[in-house]
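Letters A, B and C mark the chains as written, and numbering starts fresh at 1 in each.
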Amino acid sequence: MLEVQNATKRFGGLVAVNQASLKVEAGSITGLIGPNGAGKTTLFTLISGFEKPSEGRVLFEGEDISRDEPHVRARRGIARTFQIVQPFAGLSVLENIAVGAHLRHAKRSDALASAERVGQRVGLGPELDKSASSLTVAGRKRLELARALATEPKLLLLDEVLAGLNPSEIRDIIPVIRAIRDEGVTILMIEHVMQAVMSLCEQVYVLAQGRIIAEGPPADVCDDPKVIEAYLGAGAAERLKREKVHA
Amino acid sequence: MYSPAIIAEAVVNGLMAGAVYALIALGLTLVYGVLHIINFAHGALLTAAMFAVWVVYEAFGLDPYLAILPLTPLFFGLGYAVQRFVIGPASHGNDSNILLVTLGLSIAIENALLAGFRSDTRTLNTDYGFQVVEFGPLLLSKPRLIGFGAAILVTVLLWLLLSRTDTGKAIRAVAKEKFGASLVGIDVAHVYAVTFGLGCACLAVAACLLMPTFYVNPRIGQAFVLVAFTIVVLGGMGSIPGALLGGLFIGVVESLCGLFLGDSLGQIGIFLIFILVLLVRPTGMFGAKA
Amino acid sequence: MTFRDIAPIVVLIALIAFVPAFITANTVLNFLVFTLIIALAAQGWNILGGFGGQFSFGHAAFFGTGAYAAALLQVRLGINPWVAFAIGTVVGAAVGWVIGYLSFRSGLRGSYFALVTLAFAEVLRILANAATFTGGAAGVLIKLDVRPGNFQFESRGAFFWIALALVGAVLLLTRWIERSRFGAQLVAVRENEAAAKALGVDTLRVKLGAITVSGAVTAAAGGLYAQYFLYVDANIAYGTWISVEVILAPIVGGLGTVFGPLVGAVALHGLGEITKLAAGSVPGIDLMVFGGLLVAAVAFAPAGILGLMRRSARSRGAARHA
């Protein structure tokens, strides 16, 4: 469904994404993990169109969308959430979601009805009439999710929607994400919470210093020495193995 | 059709006017560089300073150049107070609010001056207002030459203040990273107000340098403020050397446009530059802030 | 739009329409017509500034274009004034689109958008003041020829009703915007442009739509002004005064609300008249108060008069429940 081919993004001298390639199969939940500053969010901005790649291509359903504006990509069916939440602070929760719903519903009453359904689904039902700025962190993350979902996407890009949530909040939202996929929405998610990655993702890509260094099922990837070193520094894999042997 | 001497004179006159423009733009760019706000009241504050020069001259016979001594600290204090007690609290730290608050201030100041002084145009009758200096083939106005020198001197002094003193260091720290600055114990609100005060002090000096050859009425600031914005945009928001160079350049442009297009159309060159710079290099000129 | 959306507007306009039946003093009617013209121009600004969050400091560009177009088309080209007025409105829309296209495509926002619009208005002012076609500094005088077919009337009441009808029409238009997809997207752009884009909003198109409608409405106010006073010059038509008036009214009344500009214009000019009565004929005293009011509104009443009213209604309601 989505294919990134050798994408590179430079900011001045800094190479945030370096020759990264990945594939997301239709109907899957694919994970994108990597240490802080690896370039994960930047890769999302390339897929969603907020930045254009310096090199490489982004294909969606077989078409090259590398030069499309963000709103065009949204119309094609790509929706993203923001790692740093971006609510329409002056609007109510329902109105926030309705902006997303308007993408597929021209009539206001239709958009509001759809927004309400989506809001209920992600567990924002009781909050719909409140101001978006009054939401808690968990509420805001849910709002990000709801707005993106309201655009009725084919591909949903989730950028750390679990970050900042406590364990019980995470437990609440994981089934919601799985249900979204079960209804036919393909998901690509950036996530630091490994427990969530393990339980949700079929396929995981690991990004470190802009490069994809590993891919595969989550359990395999976590054992990959390259991945361990990317997170813990050079030599860490060796040390861990030795400790395991001694234990 | 214009002799080289006429054009040369226009250029030199433009440079002399430009130095004073630069001084006005300096206040604006300083405030922008540190507070990241566009001060729409800058023109009205300049008008107020020019009236102050006129008042002390008429009331106490104080020479405009000597008036620099009392008026600079006075306007520093005024600017400090305006930022600390009006703009800062009223705008709740929101950019578009700052825009509106300074707009409101400019309307209030300008019309208070109109109410107080009426719309008549006023000038100073100094005995040196029309004196000239011979400079090769050119005849240069003496007060404007003084204005040129003084404006450049003040620019250099301000630059020294920012780069060499503790106050300057605090200002630059706040400009770069206000949160970090507040963590190391710098009083950001105070630094903001000091910066705004310095901007107003620049205006007081500019007013004193302008008045011997210029006139004042309540709307005069409007003419200067767009010129100053143009300079600031051209020279790069927040840049002191940029303001100086931009000021000299705009002075020359205005002078040449006036020569070739006539008085009524002369200003248009400046606005067109302004629009072009904004449209063509908005991000390059101001970085990510735009 | 539902009946409940429209009814308050229709009732309000119908009530105001009776004013000339009770008040016939010319000075009062003059004041009312002028206030309605300002309200209309401010409604135009509010669509772009209030709903779209793009603060123009140069709406004089549209007001002046409407005024000059209405005047010049009939004086120079002999076009019927009604038609000239309509064309002026369309030209205002076109100027809006052009300024919008140039500025928004360059990514100008916030203070920079304010500055560039101000500069556009100044360029137009200087041109109008210098060109011979526009009558230069002397301006354009529209010949007195009182005939309804000529957009000139015996009674000021007629003008009052026309201005009121236009204000009413724009109230309905604004209400429609508020209840439409376009409006939802416009507000989204105001609140957070990046988020709006991610949700499929074509932000450039939405902003262009807003500035085009905004330009048309404010130009209509300019055309009405020219037709009422039968005179236009550069400092009136393209002057900063009108750019400032159209910002003040919505902010004082209630930014981004349907009734804000009308409420604000009436409140400001009512206050202005009172100030003038109290202070005598000191020039600028009313504007001085307006400036102070703008600062005060931003500081203490960001939602304007309507916001204050809503708040006090709510607290009264709460008190009753307690």
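The working rule: contacts are C-beta pairs under 8 Å (C-beta built on N, C-alpha and C of every residue); 3 or more make two chains touch, one makes a residue touch a chain.
Since the structure is predicted, the reported quantities are computational estimates derived from the model, not experimental observations.
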If each chain is a dot and touching chains are joined, what shape do you get: line, ring, star, complete or other? line
What chain lies farthest away from subunit A once each centre is taken as the mean of the Cα atoms? B
Using mean C-alpha positions as chain centres, tell me how far subunit A is from subunit C in Å, no decimals. 44
So how far apart, in whole Å, are subunit A and subunit B when each is placed at the average of its C-alpha atoms? 49
Could you grab the centroid distance between subunit B and subunit C? Build each centroid from C-alpha atoms only and quote it in angstrom. 32
Where subunit B touches two or more other chains, by residue: none
Which residues, counting only subunit A, touch subunit C once they are in their complex? 48, 50, 69-71, 74-75, 79-80, 82, 86-91, 95, 98-100, 102-103, 105-108, 111, 147-148, 150-151
Note: in the complex, subunit C contacts subunit A through residues 179-181, 184-185, 187-188, 190-192, 194-203
Listed in rising order, subunit C residues that touch subunit B in their complex are 53, 55, 57, 102-103, 106-112, 114-116, 118-120, 122-123, 126-127, 129-130, 137, 240, 244, 247, 251, 282-288, 290-296, 298-299, 302
In the complex, subunit B touches subunit C at residues 37-38, 40, 86, 89-92, 95-97, 99-101, 103-115, 118-119, 218, 222, 226, 229, 233, 262, 264-265, 267-268, 271-272, 274-275, 278-280, 282-283, 286, 290
